[in-house]
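Down below are the structures I want you to see.
Both complexes below contain subunit A, partnered by subunit B and then by subunit C.
Our next item is the complex of A and B:
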């Protein structure tokens, strides 16, 4: 049988074997929050978790990343590319929604003539060993975005938590290689698979939100001037949490850091957000998105209209972070519902 | 460009002050590596991200024409951090360039057409590139009549004086210069760009109008062009937008689903009318 089992008490053994060969990332509790971090001690791993606050995209697209370093020697300047690590990464414990966000990120950074090699090289060297969500949060809505708490297609290896053990299913060739190398794993039996199936069904039933998002972009295309954006942005304080912690957001700022006294420095990129007024401010003082209405509208339209139009994918995976972490309780699901109602109203008026 | 974020290094060959206020200068760059020069194949209307390494980067339109081989020119107005640092540089200094970026003027589609170029103020640099390109001996035969209308606040702000003198001597370009108010010694047109366009009344027959300048000038000029029966498809603009990466990744220069850095900066009026009014 292709499916294997690992006892929870044997997880340290599994982790130890994998950390020898790979940069091994897993959920770790830091100051009360779950973060995906490089594992130093197996005991730090926390697998009893909903999801991390900061999405694991951070491993491939860090908050701060060096684009190049430079040295100045008199009038001459020497530019050096950042060093590449060829060691492969494993992200252990990634949730299906975040694994799906990697598909979106890979598509975005690889789109068109200009390829973002910084991201793509790391993605190429990264293996996803994810775990299904037995207990989705009440803010989760992946099933509205063709996702599922047990979706395994975006992973290399998929695990299911069966209380005292994990069911392990290799998905891709590289996933099979990894599992084959762990020769001490035992074969799963039929009752294990049945139990996993039941857990999957239960998890799906726990997601209470069902939204029809597939065709939203068609209607949104013509809703730029709809007064709904004013309503949506009224309570927003523009903090940018929704976009900083979004697994699909990719915007960044570029800054030069100068070490003047040592005649060297670097150019870095850092996460940026379209919710900041500085994001689109021209040097002349003109700002095409000068207010909260324009900025809230841009975030929603980018994910649900521009992204599908440009790449044929919806720019959201339904992880619910922006809902759970919004300081003023703005709810993306409510916004989508409102958008869909525009749709219905318009249909009515066409019939009338 | 080998890597989309890593600038190619160039040396400043010459710096020309363009206006009386001395806040607009044209910089001529020569690439340090021959392979970079060879890879830098551009059309008029494209832009580049220019770096003062350690200070930052900004997008600037290319002012030279690809027919002027061996170097590349940019006209930079002192506006923010990076452009101010450019104004402190001297000949010989090293600066970085990433590019060419953006779509540029559709010089292939414009072949066989009469060209009307209308510029206001500082936004003349990529128009200079286009004029120089059309006037090149190998290209001139591919285009019909060339009319250039170029307006400025006062005579001290007129850019590219030596080029204008050179062009004025030719009989295959109609050059109309105007300033906003009368000035001693100014023997050309006086008045805003839009009324001068009306007075010159270029025919819309088989023509393309290229309009660059401050928003109010563009608005008034477009209404005059519409009176002259120019269709939206016949009017071209070049947009400015805040940019960081210039290659469609950093996110901020979008208008609707279009990125000004990738899909622009050149858009026809017909294309602009389809986009949300957010620029």
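Our next item is the complex of A and C:
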């Protein structure tokens, strides 16, 4: 049997072995918030968690990343690229929705002629050891996006929390390699698999939000000047919470920082958001997305229209972070429902 | 039922009645208020244009957004091809009304367009603190019972003492409904407050000041390290209305934009300085922070300086000029170098 078991009390042993070989990231509580951080002490890991506030995209696409640094010495300019880690990364405890977001990120950073090597290399060197969601929340809707609280396919190793132990299923070759190396793991038995199956069914039944999103892009294409955008953006205050905490948002800003007095500098990239007043501001001073209406519309269209059109994928994984954390409770579920109502109205008028 | 709850319900009923009449008598085109949130520990700002929608308005201890934010830029609507200022009724607890008054002093909103619908606030629940303490469990329901805020999930129930789990700023607040004054009486309907104490002990600030520089530095570093620079604090602040914030200046860049602690710190410090003599201590910045960063100590420190030096509290009167808008010869300026 390829499925293995690990007792929860043996997790430190497992982590210890893996940290020797890999850069090991896991959920850790920082100031009361769960975040995926590089593990220094096994004891810091918090596995009784729902999901992290900042999505694990942060590991591959950090809030701030140095692209290169430079030193100027007379006429010589020395450019240094950031040091690469020799070790591969493991992201332990990633949820299925966030693991799926990596597929979307790969599409974005790997699209077209110019590949983002920085991201893609890191992605290639990152192994996902995810855990299924036994208790999805009211704000979760992965099942509306072809996801599932127990979706294994986007992971390398998939774990199921069976109360006192984890069921471990290697998915990819590299996943199998890792699990084979942990020779002390015991084989899972039939009742364990059955229990995992039941938990999976239960988790699915707990998802109370179902949204019809698959065909939204067809109708959104022609709804650029629909009045719903005004309605949707009316109470939006224009902060970047929804996009910064979104596992699929990828916009970034590139900044050159010069240290003139020391003849050096660096080029960095930081997260950007379509909600910012600088986003898409032209050199002329003109901004095609000058107000809240245009900015809110861009966020929705990007996820539910441009993404499906460009990559054949919906740009949302249904994690619910934007719903939980929007300062003014501008609920994405309500926005999607409003979009679908245009659908129905249009259909009616076509039939009539 | 708890007394707090009864109070809230009475306030809500009265507020809806006032709002309904304002719309019926066409004294306002629009009411800005709060509606029920779709997730626990939240509420959603709402714009009401029709009498029949007035029942969407709610009032409870989770109405944390400062609605004055929505008044700038002035809300306009297209009437016969012309943009006309709308007449707005705005549900105002004490701090919202104070923001409005201060914005009028700064000539940002016109008095004739605003009707302040005054309500009395008992203090807003510290939603981020509760959320952090509850942790992994999903909150399904919250309500007030006696002196406690009850948080219920599938397999748990937790009690949070209301007075203790109020926003830090609300604990110091004495101006719970719109402050009464002659120059405002024609624009305030509903509740208003005649007397309030402006005595402030600033115990929290003094405690902070007594720390060593190292301790203060570490405190700030820990407090702000999680800031993602989403600027929810700035965007939720009714007094942060600049067209282009100093931190967004990029021709040339004025401040670093990274998430390194020095850049994060300087953003919050400079923003706090810009709020000197202006901040009304509504706590919206902390309530909206997705990472649950409580900025109150920074603003309280600045407010203490303003209080000590100028004996000024913002948002109480249309006549009194805020210290940063006025210059007096007798103002202390010990930072100036004396000429020999």
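In the analysis below, the second predicted complex is superposed on the first by the 350 of 352 C-alpha atoms of A that agree within 3 Å, B and C clash if a C-alpha of one lies under 4 Å from a C-alpha of the other, contacts with A are read in each partner's own complex, and residues count from 1 in each chain.
What we mean here is this: a residue touches a chain if its C-beta (ideal position, glycine included) is under 8 Å from a C-beta of that chain, and two chains touch if they have at least 3 such contacts.
Because the structure is a prediction, the values reported are computed rather than measured.
When both complexes are superposed on subunit A, subunit B and subunit C sit side by side without a clash.
Here the apex is the CA centre of subunit A, and the angle it makes with the centres of subunit B and subunit C after alignment on chain A is 90°, in steps of 10.
Contacts of A:72 after superposition on the shared chain: subunit B is touched, whereas subunit C is not. In the superposition on chain A, contact is made by A:306 with subunit B only, not with subunit C.
Judged by the touch definition given at the top, the superposed model places A:252 against subunit B, while subunit C stays out of reach. In the superposition on chain A, A:8 contacts neither subunit B nor subunit C. In the superposition on chain A, A:189 contacts neither subunit B nor subunit C.
When the two complexes are overlaid on their common chain A, residue A:288 makes contact with subunit B while staying clear of subunit C. The superposed three-chain arrangement places the nearest Cα atoms of subunit B and subunit C 5 Å from each other.
Shared contact residues of subunit A with subunit B and subunit C: 253, 255.
Note for the complex: subunit A touches subunit B at residues 67-68, 70, 72, 75-77, 79, 81, 108-109, 111-112, 114-118, 224, 250-256, 258, 260, 265, 267, 269, 272, 274, 279-284, 288-289, 294, 298, 301-302, 305-306, 309-310. Within the complex formed with subunit A, the residues of subunit C that make contact are 37-39, 42-47, 65, 69-70, 132-133, 135-138, 140, 222, 225-226, 228-232, 234-236, 244, 248, 250, 253, 256-260, 287-288, 290-292. Across the complex, subunit A is touched by residues 3-7, 9, 53-58, 79-80, 83, 92-94, 96, 240-242, 244-245, 247-257, 262, 276, 278-279 of subunit B. Partner subunit C is touched in their complex by these residues of subunit A: 30-33, 35, 48-50, 53-54, 63-64, 135, 137-139, 234-235, 237-241, 244-245, 253, 255, 257, 268, 270-271, 273, 276-278, 323-325, 327-331, 333-334.
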